[in-house]
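Shared between the two complexes below is subunit A, which has subunit B as its partner in the first and subunit C in the second.
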Partner chain A sequence: MTVSEIAERLSLSPLTLPCGEREIGGAYIGDLLSWVMGRAQSGDAWITIMSNVNIVAVASLTDVACIILAEGVTLEDHVREAAEQKEVNILCSDRTAYELAKSLAGLIQ
Partner chain B sequence: MNRYYYDFHVHSCLSPCADNDMTPNNIAGMAALAGLQIVALTDHNSARNCPAFFEAAKKQGIIPVAGMELTTAEDIHLVCLFEELKDALRFNDAVDSYRIRIKNRTDIFGEQILMNGEDEPIGVEEDLLSNATTLTIEQAPALVEEYHGICYPAHIDREANGVIATLGTFPQSPPFSLAELHDGARKEEYRGRYPTLSDVGILVGSDAHYLWDIRDREYFLLLEDEPYSSDLVRHNLFKALRGGLQ
Partner chain C sequence: MTEAVRFHFSVDGDDFSSAGQASVQVKKSLRQLGISPETIRRVSVAMYEGEINMVIHAGGGYADVLVFEDHIEIQLVDQGPGIADIELAMQEGFSTAPDNIRSLGFGAGMGLPNMKRYTDSMEIESKLGEGTKITMRVNL
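On to the complex of A and B.
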């Protein structure tokens, strides 16, 4: 299922969506970026509450399909701009990482 | 120019995780025994034991610096240092409005004791001090500067609350001119691994929570001190810190 389809099915608000057609193959949850860098897989939906600009760099590096910000976390404008530039999809939701992962698990093959 | 042996990262009994023996006079006495000349008190999210520490340090001939170890919203620890005690206390009041209020559980976290210059308890801090504030790492330096202070990431060589573990690298933004290592021997290793550290001055802090964590003097800064006064040394210290020790 693609990022755009997941966004619609889970009612996630897109903050940036430059590549909505990317396929989501799995999920990773984590907030310590040093851990995420070494563990998230290409094509994952990465669920986090971290909103520092470095999430954009980590998403590019790991080639995740999208970042999902949980629990109502928002982005500062400069982070959103950096994500647009690097073509990183960022979605957000008021739900917890657990609730998001539970719903995602039913949709990802 | 003279050598000033320093430790800018020491906790008192106000920090929940620090030993209750970390009283202002014990810290100053231990620092004097260790041969240190400039010592900063940096309790978690509070500078309220700094007035007592100033009194205690003066008795030992140590130059005190008022500070705080701020926990950012990302759970990153920043050492904040102030040239003037009164500015540190004003910064303390400003930080109060960014604290997330949770009652301290002394059975889990430890006591948070406020003291006077005679090591007498004068109160306790009721809310937990060590948890994250709502200040982001992007916002914190500007707030510190408002009170004429300087801040830099603490113990960047540690997993817990270190900026590199949390953000994946040493960030370019906000631009820090300094960084603290817990293990000074790792300076070249860290500079080699993180190019963003190449122009950043490296300080070594003990992050002492127990008296025996205060290490024998090893790390020093060269500071101009003629005609000698502790205020002049402190002033030149901040000049050096602001310049990233260049």
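On to the complex of A and C.
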């Protein structure tokens, strides 16, 4: 299922969506950036509450399909701009990481 | 062995928001060279961890990426304080990063272990008070 489809099915708000057609193959939850870089897989949806500009580089380098900001976390404008520039999809939701992962698991085969 | 391509970057020591620019640029350049996505992922993550380390601990430095026919070499050089105990620094979870760095999501003690995890070989030369040179190799 693509990032755009997941966004619609889970009612996630797209903050940046330059590559909505990317397929999501799994999910990783974490806020420690090196931990994410060591463990997240290419094509994962990365669920986090971390919102500083470094998440854009981490998402780009680990090649995750998108970042999902949980618990109502939002982005500053300069982070959003960096994400557009580096073609990183970022979605957000008021739900917890657990609730998001539970819903995702039902959609990703 | 002939050196195909070399990329050189200086890493700004004070700027966390621009840390990663060199790695993202390397990612783009390697893609243009037709390197496989998984190899690009390994090289760019290892390099980003190195960049972050140079910003946190060493006041910056420089990074070179050399693309050979059968491997990619990443050299990270700084003139920071050096690593007192390399074996300890290589342990997952060990970190000397300050709290303000940790609040950004770094400093989990995974930087050097990740660099080793994502490369085929890694060599650290470090002298206290003089600096550190890390050479990593990813086979193609």
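Just so we're on the same page, the second predicted complex is superposed on the first by the 109 of 109 C-alpha atoms of A that agree within 3 Å, B and C clash if a C-alpha of one lies under 4 Å from a C-alpha of the other, contacts with A are read in each partner's own complex, and residues count from 1 in each chain.
The rule is simple: contacts are C-beta pairs under 8 Å (C-beta built on N, C-alpha and C of every residue); 3 or more make two chains touch, one makes a residue touch a chain.
Predicted model only: the values in this text are computed from it and were never measured.
Colleague: State whether subunit B and subunit C clash or fit side by side on subunit A once the two structures are superposed.
Modeller: With subunit A aligned, subunit B runs into subunit C, so clash.
Colleague: For A:Ser42, decide between first (touching subunit B), second (touching subunit C), both and neither.
Modeller: second
Colleague: Touching A:Val53, do we find subunit B (first), subunit C (second), both, or neither?
Modeller: So A:Val53 meets both subunit B and subunit C here.
Colleague: When the two structures are overlaid on chain A, which partner does A:Lys86 contact: first (subunit B), second (subunit C), both, or neither?
Modeller: second
Colleague: Quick check for you: in the superposed arrangement, does A:Thr16 touch first (subunit B), second (subunit C), both or neither?
Modeller: neither
Colleague: On subunit A, which partner touches more residues: subunit B or subunit C?
Modeller: C
Colleague: For A:Glu76, decide between first (touching subunit B), second (touching subunit C), both and neither.
Modeller: A:Glu76 contacts subunit B only, not subunit C.
Colleague: Tell me which of 25-33, 115-123, 133-141 or 169-177 in subunit B produces the clash with subunit C after alignment on chain A.
Modeller: Among 25-33, 115-123, 133-141 or 169-177, the clash with subunit C belongs to 169-177.
Colleague: Hey, what residues of subunit A end up touching subunit B and subunit C alike?
Modeller: Comparing the two interfaces on subunit A, one with subunit B and one with subunit C, the shared residues are 32-35, 37, 50, 52-54, 57-58.
Colleague: So in the complex, which bits of subunit A are touching subunit C?
Modeller: For this pair, the touching residues of subunit A are 31-35, 37-38, 42, 50, 52-58, 60-63, 78, 86.
Colleague: So in the complex, the part of subunit C that touches subunit A is made up of which residues?
Modeller: Those in contact with subunit A are residues 16-17, 19-21, 23-24, 27, 37-38, 41, 44-45, 48-49, 52, 104-106, 108-111, 113-114, 117.
Colleague: Residue numbers of subunit A touching subunit B in their complex, please.
Modeller: Residue positions touching the partner: 32-37, 50, 52-54, 57-58, 76.
Colleague: Touching subunit A in the complex: which residues of subunit B?
Modeller: 74, 136-138, 159, 164-169, 171, 173
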